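One structure is given below, encoded as structure tokens.
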Amino acid sequence: MLTVEGLNAWYGEAQVLRDVDLAVAEGEIVTLVGRNGAGKTTLLRCVMGLHERCTGRIGLRGDTAFGTRPAHRRARLGVGYVPDDRGIYATLSVEENLLLPPVVGPDPWSLPRVYETFPVLRERRRFAGTQLSGGEQQMLALARVLRSGARLLLCDEPTEGLSPLLVEQIGEILREIKAAGVTVLLIEQNLHFATTVADRHHLLAEGRIVESLDNGAVRAREHELLAYLGI
Amino acid sequence: GRGGPGGGGDEKVSGGKIVLAVLNDQSGVYADLSGRNSVEAVRMAVADFQAKYGDRAVTKNIEVVTADHQNKPDIANSKAQELYDRQQADVILDVPTSSAALAVANVAKAKKKLYFNIGAATTELTGKQCNKYTFHYAYDTYMLANGTGSAVTKEGGKNWYIVYPDYAFGQDMQKSFTAAITAAGGKVLAKDPTPFPNDNFSTFLLKAPAMNPRPDVLGTMQAGGDLVNLVKQYNEFKLRDKGIKLSVGLMFITDIHSLGPDAFAGTTFTDAWYWNFDDRNRQWADRFTAKTRTRPSFAHAANYSAAMQYLEAVQRAGTDAADAVVGRLEGYSYDDVFARNATVRAEDHRVVHDVYLAEVKPKSEVKTDWDYERILRTIPAAEAFRPVGTGGCAL
Amino acid sequence: MIRLFLRHTEPAGRRPLRYLLLAAGLLLALALPWLIYPPVAMDIASWALFAAALDLLLGYTGLLSFGHAAFWGTSAYAAGLIAIHSGLPFPVAVLGGALLAAALAVPIGYLCVRNSGIYFAMVTLAFAQMIYFVANQWRSLTGGENGLQGIPRELLGLDLSDPFVFYYAGLPIVLLGLWGLWRIVHSPFGHVLVAIRDNPARARAIGYPVERYKLLAFVLSAALSGLAGGLFAISHGFASLQEVNWTTSGKAVMMVVLGGIGSLWGSTLGAALVVQLEDYLSTAGFDGIGIVTGTVFVLVVLLFRQGLWGAGRQLGAAAGRARRRRPKPPAATEAAPVPTPTTREEAAWTPSPRG
Amino acid sequence: MPPPILQARGLGKQFRGFRAVHGVDLDIAADSVHALVGPNGAGKSTLFNLLTGFLRPSAGRITLAGADVTGLPPERVARLGVARSFQITTLFPQVSAREHVGLALQARTGLGWRFWRSEGRLDRFRDRALELLDDVGLADAAEVPAAALAYGRKRALELAVALALDPRVLLLDEPTAGMGAEDIDRTIALIRRVRPGRTVVLVEHNMSVVRNLADRVTVLQRGAVLVEGGYAEVRADPRVITAYLGETHADR
Amino acid sequence: MSGFLQQCFNGLVSGGFYALLALGLAVIFGMLGVVNFAHGAFFMLGAFGAYVALAEFGVPFWAALVAVPALLFLFGAVLERTLIRRLVPFDPLYNFLLTFGLTLVLQDLVKREYGVQSQPYPRPAELSGSLDLGLFDYPAYQVFVLAAAVLLCLAVWLILTRTRVGMVVRAATERPELTRALGVNVGRWVTPVFAFGVALAGLAGVLAAPMRAVNPLMGADLIIAVFAVVVIGGLGSVFGSVLAGFAIGLVQSLGNLYVPALSQTLIFIIMAGVLLWRPAGLFGREEART
């Protein structure tokens, strides 16, 4: 589904990604883990076309020119983005926040389905987006890409600030959409949660992918990894 | 001045040359009325002077310089100083906008150089702020108000409703008008200050026909864009049909041109000069038009006349030394294309001359371009301006 | 940003350069009436102070006042009236004008500082317009559109009628004002202003009463603008409605932007340029002054948002970097007066155009 | 139990008719660590905003050490010794980390008003600022403008700024959100260290942080207090499990 | 009584102009975060456009009413593409300053071409009469202007609240990058909205031509009053701006009558009062204390 080859990225004169190669297969959930500042967010921004100073090849479903398209074209090709700061609009109501992205996939969630899954959003749908609580904004950001029917989700720490109950619920949703064939590239600090939803994990350190592991390997080497990541 | 002795010319005039400076608005609201074409008019005066005197002229070396004061008094002030000091101007002409006009008067006083104001209407120039070197040439608020106010009243417009913009010019005009109307036996039923600038006068236009008794004349002291607004709306509310005539305090021929004569038809006002008044005027106007491709306003003619009279005075004095020229001007009487039966009053430096009560023709009577006015009568110089000694000028 | 750069982070090696620049600036100020026509030199000095005072708000507090003519003009009238009616030495009159401007700034500022950004600009503009109408109608005091004429220049019986001489009498006031501004910007208070500009909510949470800080900045800026306006009126010998017109506010803003927002010295450069341009155009025989000034303004906003000073500084920095060949830490480059990254993600994230 | 330093009675806040917080009674004991937990949207941040003056309550009273502080503006509350961090990071983007802390240190003095004084006076905060940055693990980033810090480090800076105020009461809104485990441990240690002589109020979703730190836990739900008690007590409460923790949630 | 009503009617007519201009200003601001100082200049261009169309091409009022705003729409689009757009990523103040500079240029360009004198523009013959409004007679043209203003404001308000346009453009303004990342082609929306705001100002200009002085400065005087109107209504609130526009027109008209000395400052006094009471304007969104 998604292939990244030789990705480099800079801020000013500081290089934050170095020769990153990454492949995500259709219907897979893959996580990126790594310390703060490792470059995880930057990687997603490059894929999304939001970071200008990066080089390398990014392909989507065999479309090798994907990495050269403008951001809105990439989204239209079925990529949904949940940014790390949630990206909720203050000038739009909750419902408008949901309706903003155009439908880009064959199987979008309907508004009622979204509201059923996240009842608070229905209750608060006329409020300005940023008047929601932090966690509610996080839900909104996720619900927004689900409603657009994106086939590839790029989620930057979607469980941050969510209550344990909701984290669980998010896990269920991820498994559910995976079953529906959606692909997810997930940034996650919580290794435990990561293993409950994802198939494979990439360890990012100082701008490089230093290791790729499956769930079994993660569990087996949990202590080593925790030490490495400080998790 | 910092200018040293000039290079070679005759010693009768400072720096070996006479420099006339036109300081006026070449980009703002007065640009059409006067502006750059006034510079042309002054050049015409120089040429006529040289043609008239030839070798007898006090000097052959006469220059015309100019600056745009952009209607900003601070720029007028600096430029006036620069014109006198650096460009060795012997006289400054025009200077519309009263604050700029008064600022330049102070410069003239300090520098002891001559200054003929043409473009400004304030009577302060010949009142409390008069000085030895400043002359007020073409018109002023008293003249505008007095002529129209008394003439219209005498012709039957007894009851007046006056609207005036709420700033110094409007207030002055309103007072002079009221005085003139009362003196002529009329009555001011009401007078309302209006915002300035303003684009909606309906409040006042609706009030007029509802008044009891109904006024015969609506006197407006608005000028420029505001006047146009008011007249457009006066016509919209059809006040003329309701028997309320329009009388305008300050109107330039350029204003009539803006709206077309029909909008103003029948309106009376006082004019300082009209190009199509007689053959003498027409001849000069044709010469002017040949140069500039527009019909002259009174301000163009007045600039010409002022420049000419200055040069004549220098010729009479045989020098351009300011005090000597002032001496030759004070009390001098003359008659030229602009100023008929003119006298330079020694007491306050008001240049008095005949002025005209004019009426706007309807479009059907307009025969040629810019032929908008019918002169109803000539107001003689002696009556037209504020009587000596009433303005508070101490020279 | 520029200002942060000016602070302690400045490498010690550049200190001498700064003193050199300062000395050169002072020398230029002293030599000005020899170089250009003295009344114009005086205009430049007054406007420079005005623009720099405005920059205290725009550059260091993040508030664009589009109504500063109210303070410049009020002080011009007040200084003129004091000089005419009391016969006191002109510096006293100018000081009186500045104080009155500051007093006027208290209620106006109180109402305005609760807004920020573009809102603030519009509100100040509207208040200034109110002052304009008052000045227009209060004819007995201001002379209406005739202006307040015949303001004397009194100083211990000296003859100041020559503008050349007057320049040197007035210059100390301007320098004092500029020094005052420099002091304010480089004071603990100045640091708080910058913090408030960057994030008022944060500043509040650490205990700064934001409104009151903004108000004090507003009043100080108004007082110094008043100082400039009073001096301007004395130097011209009159005060007119032009002084309280919105175009005067616009002109001052133009100077600040041209010189470089957030750099006091840049504002003085901007003032010199605009005054000279206006002076030049009045005799250039081109009847579209607005076309020229407007175009210059548009170009500056589009192409040199950091203004002359910022551009010069960047050139200097680039040269310095080339010499040292050492990468600089990444930093935002735009000298945006009020970056609000929550709504303008670009502001903080724009990568350095130097690349 | 020592007397409460921060107390709320009948506290309520409505937004256009929506009751975000209502009828909350809260007693924060002096020198304790008090955790506020609850589902998303329970009103924790709103409660913080009420306690720190960022929102004006629609009902109820707040007292700080016995003095009524209801409706005071935030800067007044801050000066009375209540510091806070924000859930959604808010810093001065163009100001360096060290200067952030310096500004906070300066706020407690009257120096901020001295527009006639030299900025050189601020140097006295320098050492203390570096010390605080070192505490939160930002020593190497002292001169970096906040905008260039990665997310997790911004959170750490928030904490340093709050600490710089040397507050009596420290309100931290999800101080460890977005942090890796290493930083979380560091933050826990830090809070432990600064604890003596202070009261800490904490909003957290990370239950291990709560377990590690909190003396008392208040669970909010739909704007009202659901349960209050010690960690173990709350942890075991069936209402808390259904409303917040979830059946399968393992303590991590 | 009928006199009073008539005066109220007057106020509404001039309020119609305030409302139309405030509407355009609010649309551009609400959508793009740009305070368009040049709005007054566009109003002037609209009026001049009508004049030039008639004087030089013989285009009558009704055709100008469509053609001139259409041309201004194009002009606005070009402007947005070439200038405004470049500054959107930066602080909104820069665009305020840009449009200020633009105002100077536009005004002087027209001034150079046509001079500062007002230009004549007749009322359309169809509307030259008076209408009997029951209690009083009123010039038909002014009735038409009022009706047009009310209808236009209503239509725009509906478009903004009932369609997707408003939402997309608000989003694009708030966070252009993210909005693109969500699949919205930002560039396609922003230009037409800006251009629409400009066209609206132009339309107000055309409507003004038959009843107001057509000169290069006609917009400059008006724009500051319109700023005050927008501040009173609540910047960015389309509904508030329109309502405040009509209300201020009404108040000014009555103020002229009853307190002439205050008439010029009245609008600013009201503004100060509103700000004291509600710093964000009557319908502005009030944020938490930040």
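As written, the chains take the letters A, B, C, D and E, and residue 1 is the first residue of each chain.
What we mean here is this: a residue touches a chain if its C-beta (ideal position, glycine included) is under 8 Å from a C-beta of that chain, and two chains touch if they have at least 3 such contacts.
The UniProt protein names, listed by chain, are A, D = ABC transporter ATP-binding protein; C, E = Branched-chain amino acid ABC transporter permease.
Predicted model, so just to flag it, every value in this text is computed and none were measured.
The chains in contact with subunit D and with subunit E alike are A, C.
The chain with its Cα centre farthest from the Cα centre of subunit D is B.
Mean C-alpha positions place subunit C and subunit E at a centre distance of 31 Å.
One simple way to say how far apart two chains are is to compare their mean CA positions; for subunit B and subunit C this gives 39 Å.
The distance from the centre of subunit B to the centre of subunit D, each centre being the mean of the chain's C-alpha atoms, comes to 74 Å. Taking each chain's centre as the average of its CA atoms, subunit A and subunit E sit 44 Å apart. Contacts with at least two other chains are made by residues 11, 90 of subunit A.
Shared contact sites, meaning residues of subunit B that touch two or more other chains, fall at 27, 31, 166, 196. Counting only residues that touch two or more partner chains, subunit C has 136-137, 201, 204, 287-290, 329-331, 339, 342-343, 347, 349. Across the complex, subunit E is touched by residues 64, 111, 114-115, 117-119, 121-123, 125-127, 129-130, 133-134, 136-137, 200-201, 204, 246, 250, 253-254, 257, 287-291, 293-298, 301-302, 305, 334, 336-340, 343-347, 349-350 of subunit C. If you check the complex, the residues on subunit D that touch subunit C are 52, 54, 73-76, 78-79, 83-84, 86, 90-96, 99, 102-104, 106-108, 111-119, 121-123, 143-145, 147-148, 161, 164-165. The touching residues of subunit A, when paired with subunit E in their complex, are 48-50, 70-72, 74-76, 81, 83, 87, 89-92, 96, 99-102, 104, 128, 144, 148. Residues of subunit E that touch subunit C in their complex: 29, 33, 35, 83, 86-87, 89-94, 96-98, 100-109, 111-112, 174-178, 224, 227-228, 230-231, 235, 261, 264-265, 268-269, 271-272, 275-276, 279-280, 289-290.
By the touch criterion given at the top, residues 37, 39-40, 43, 136-137, 139, 143-147, 149-150, 161, 163, 232, 236-238, 240-242, 278-279, 281-283, 285, 287-290 of subunit C touch subunit B in their complex.
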